[in-house]
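Just dropping this structure here.
Just so it is clear, A, B and C label the chains in written order, and each chain counts residues from 1 on its own.
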Amino acid sequence: MRLKRYADILIFALLLIAYPLIITDNYGLNVGIFALENIITVTGLNLLMGYAGQISLGHAGFVGLGAYISAILTATYHWNCWLAMITAFVLVGIVAFFVALPTLKLRGHYLAMATLGLGMILYIFFSQLVDITGGPSGFVGIPYMRFGSLTFSSYSTIYVVTAMITFVIIWLSKNLASFKAGRIFRAIHQDEEAVVALGVNTYHYKVLVFVVSAVFASIAGSLYAHTVIFISPASFGFKRSIQLVTMVMVGGMGNIWGGVTGAIFLTYLPEFLRIFEDYDIIVYGSLLILVIIFMPGGIAGAVEDIYGKFKNTGGREDR
Amino acid sequence: MDLIQYLVSGISIGSAYALIAIGFNLIYNATGIINFAQGEFVMLGGMGSVYFYHYLHFPLIFAILSGILLAGVTGILVERLSIRPIRDASILSLIIVTIGDSILIRGIAMLVWDKNSHALPSFSGDIPIRFLGAAVSPQYIWIIVVSIISMLLLGGFFRYTITGKAMLASSVDPVAARLVGINVERVTMYSFFISALFSGMAGALMTPVTLTSYDIGISLGLKGFAAAVVGGLGRMSGALVGGIILGIVESFSAGLISSGYKDAITFGLLLLFLYMRPQGIVGEIKAERV
Amino acid sequence: MRKNLKILLVLFLLAGLVSTGCKKKSKEQQAKAKPAEENVIKIGAVFSVTGPASFLGQPEKNTALMVVDEINKSGGLLGKKVKLIVYDTEGQEQKAVMAVNRLIQKDKVVAIIGPSRSGTTLAVIPIVMRAKIPLISCAASRKIVQPVSERKYVFTVPQLDTFAVEKLYEYFNKKGYKKIAILTVNNGFGASGREQLKLLAPKYGIEIVADEIYGPKDTDMTAQLTKIKGLNPDAIVVWGTNPGPAVIARNRLQLGIKTPLFMSHGVASKKFIELAGKDAAEGIILPAGRLIVADQLPDTDPQKKLLLDYIAKYKARYGSEPSTFGGHAYDALHLLFEAIRRAKSTNGDKIVAALETIKNFPGTGGIYNLSPQDHEGLSKDAFVLVRIHNGNWELLEE
């Protein structure tokens, strides 16, 4: 039984280990690292969207905030990178908490608009605080991650660090999702009024999950800053927020592995679409529409359906 | 004197936002959907007019009408091909699908036309109108007048015509609307068509002063959305009030506070409204908050 | 549900294994089946062909494809055909990083031209430095090539903002302008211009009385101009690329501002005059490469023939006027070709060494003089001041 319970996470760990053994060139590792960084953000966003049913169109702002805090502390103030990452983590958590207090009282389109506005405001600060952030020209001179005398400058070493952090994040999220909080999140997603009627303060849970998702985004941002060792506001705008939401939707909301699949799929897809040159934007847009229309549960939902048909029992009993 | 100029500039640009906000409200009223592809209708109105005028050499007035019609037809296509198949899906899915529409429309516009900016000649010349020491381009008078007329027409349309009432009814309760014999699907299609026409008109009217390009829809769409929310979602008069307030805030913060942070101030105002008064300036209190 | 997930994951694992296996096989087959590959010199290009910086990337891509076709028609390089592989960055650093890694690892290019933006260039520098692949950037920022000791494989071809600003400030000194207002666009291009404008002002005894910003897609700048008008400066300097500056020129006319208007080389194309309209553009002065005034240059000018040739060919192929930005790709490729010819090799270190020996090499941007200490190659003379008069460019007397 125990083994069964951990089977999926074990397979995930195996995949993480297998990837750099199969794909050893720098290009493949590089795309892999970006995919992992997206997985981290998307998992957080998936908790917010899929489990708590709340949308955020401004999550790139939190990715950016994490990246900039890490960059500034390590490059300008020469902090240890891990200390900087944790500080970023805490600061983003605090910011997200105070932002979440009024924002998560809103619902539906109003929430979408509010989070979008927040993302925009963060973006404007990244580009306007020129003395601190380097402005639109970007921030140069970020060091690589180090541990003792080890410097993680090669893609293979960065991959190892990122993969370990990703694993921890996924493991935490999986537990969070299967404990009481997770069940309440899912209940909120399905019928918030019923949950309120049971005497549960849904608002507290929503704020909590919002903070968690922002903190995940911050970690991904810090990792990104130390991978590329250069950041600019262009990476943390509205477009990025939309990409993140798309990853959740395409992969499958409310299913951690769905989000993971979406992040992987949409990180690799544009690389394959390079053969389409300018037409990739059309493929991307159409894909988004087609997935929502024909696969409302995303890739994960579609696979479940197929599996259910094979088993003839629906296969959805514990949903 | 400067203050009057800020005010005049703000009202001018704000009335353009109002026209876009009207588009948002039309669809919202009939379907309860916020269409994230609204900005693309604005772009199509502008780029379409440019195409018919500069490349197919239509007379200006026909070029503009064709551009607006192009936006309208696209509105119908968006509704038929992407909204209707998932009419009963969650708000989240609807938001994402309209985002997908906007990416797709933008991509097609980029490939069919080009990536450059384009201009149209002003409808009544470029000689600015002076007003209490402030100057305003005559094109903006067109925009202001058209927004006010549109608002009045649409207000009347919803209040006094059967189709308008049907639109309102199907937004409030689609099932009940269907029971009393309203063709909800047709109403939804109409709303997308009319909304796209109005946004296309905004795009065509703005092009002589603001220029246009395939990617202008994102920022204009967001401003229009913000105007609709500030005024009160679904309210035609709210669109006008919201648009003008947004324009004035933008203009004054660029002139008096900081031009770098003007958009942050605008979005800050939007957040303040969402937190303190989500029903907007002219809206009634609805149970959109928990 | 858990079972499904297991299956899903197994599927993924299998798919991954199969696809990588296939790829490896097909690669080996390719290597065996195509010894002809040996006779090709592969050059990579990364431009922001789509996205907000497509005004840079599109003409660059067009030009690069044209230049490569030309060299192949005239017999190629070192007796081999040149193959250009262009990837789009969408102006995003993440995409640029992946594209450059792919060019180096998968496509095995010998050198790379681009990226278009300074941000995307700075993001890919660590990669080319590690792979020892020469990169000739099309972005104008000194940060890209300095310090040269840490940027051995990195070159840049555009005229730097510093020179444009110096050219303007010299003119201001001549005219006796002391107080100026600057209005810059909120993106990399504007930010870099703003930095140089503020940095160099004290050296020329110029005071910046207003430092205003506008967004790349803003549609009305009357508020900023009204504020500037109230401060009564001697000159207004606008740093941006289309469409913003065109809107500003129109707004200035609308507000009846008589203060002389100056712009950057970012608007140095016919498109700007078309967008701003003849009346609004009249009298605007800007520093620009010689491309837009090629026909007015004296016949003795070493760039003249090349510029007219480039303009004619670009027009014939794409039906539109080339821009300064397209010229960057032209210069980057021609410098690279020259270096490969001199080095008689496609080895990265040898190409760099050869690039550093190039002197008095005319390009669209100016006359290039590269050295181990100078990876920019251009001087202030790469710019001339031009004025818009009657809807056309006019070379201002030096």
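Basically, contacts are C-beta pairs under 8 Å (C-beta built on N, C-alpha and C of every residue); 3 or more make two chains touch, one makes a residue touch a chain.
Please read these numbers as outputs of a predicted model, since none were measured by experiment.
S.K.: Quick check of your reading of the touch definition: is the inter-chain graph here a line, ring, star, complete or other?
M.R.: Contact map by chain: complete.
S.K.: Decide which interface, B-C or A-B, involves more C-beta pairs in contact, and give its chain pair.
M.R.: More C-beta contacts join the chains of A-B.
S.K.: Using the average of all C-alpha atoms in each chain as its centre, how far is it in Å between chain A and chain B?
M.R.: Inter-chain centre distance comes to 32 Å.
S.K.: Using CA atom averages as chain centres, what separation in Å is found between chain B and chain C?
M.R.: Here chain B and chain C have centroids separated by 35 Å.
S.K.: Of all the residues in chain C, which ones touch at least 2 other chains?
M.R.: Residues 50, 52, 186, 213.
S.K.: Multi-chain contacts only, two chains or more: what residues does chain B have there?
M.R.: 110, 218, 260, 263
S.K.: Pull out every residue in chain A that's touching 2 or more other chains.
M.R.: In chain A, residues 128, 278, 281 touch at least two other chains, as defined above.
S.K.: Under the stated contact criterion, what part of chain A meets chain B in this complex?
M.R.: Residues in contact with chain B: 49, 53, 55, 57, 102-103, 105-110, 112-114, 116-118, 120-121, 124-125, 128, 192, 196, 202-203, 238, 242, 245-246, 249, 253, 278-279, 281-282, 284-289, 292-293, 296.
S.K.: List the residues on chain C that touch chain B in their complex, please.
M.R.: It is residues 50, 52, 54-55, 58, 186, 212-215, 217-220, 222-224, 226-227, 229-230, 242-243, 246-247, 250, 253-256, 271, 274-275, 277, 279-280 of chain C that touch chain B.
S.K.: Note which residues of chain C are touching chain A in the complex, please.
M.R.: Touching chain A: residues 1-13, 16-17, 20, 49-50, 52, 86-88, 91-95, 97-99, 101-102, 104-106, 117-119, 122-123, 125-127, 131, 141, 143, 186-188, 190-192, 195, 213 of chain C.
S.K.: Would you tell me which residues of chain B are touching chain C in their complex?
M.R.: That would be residues 2, 5-6, 9-10, 12-13, 16, 110, 115-119, 126, 128, 135-137, 206, 209-211, 213, 215-216, 218-220, 250-252, 254-256, 258-260, 262-263 of chain B.
S.K.: Sort out for me which residues of chain B touch chain A in the complex.
M.R.: 34, 81-82, 85-86, 89, 91-93, 95-97, 99-108, 110-111, 218, 222, 225-226, 229, 233, 260-261, 263-264, 267-268, 270-271, 274-275, 278, 288-290
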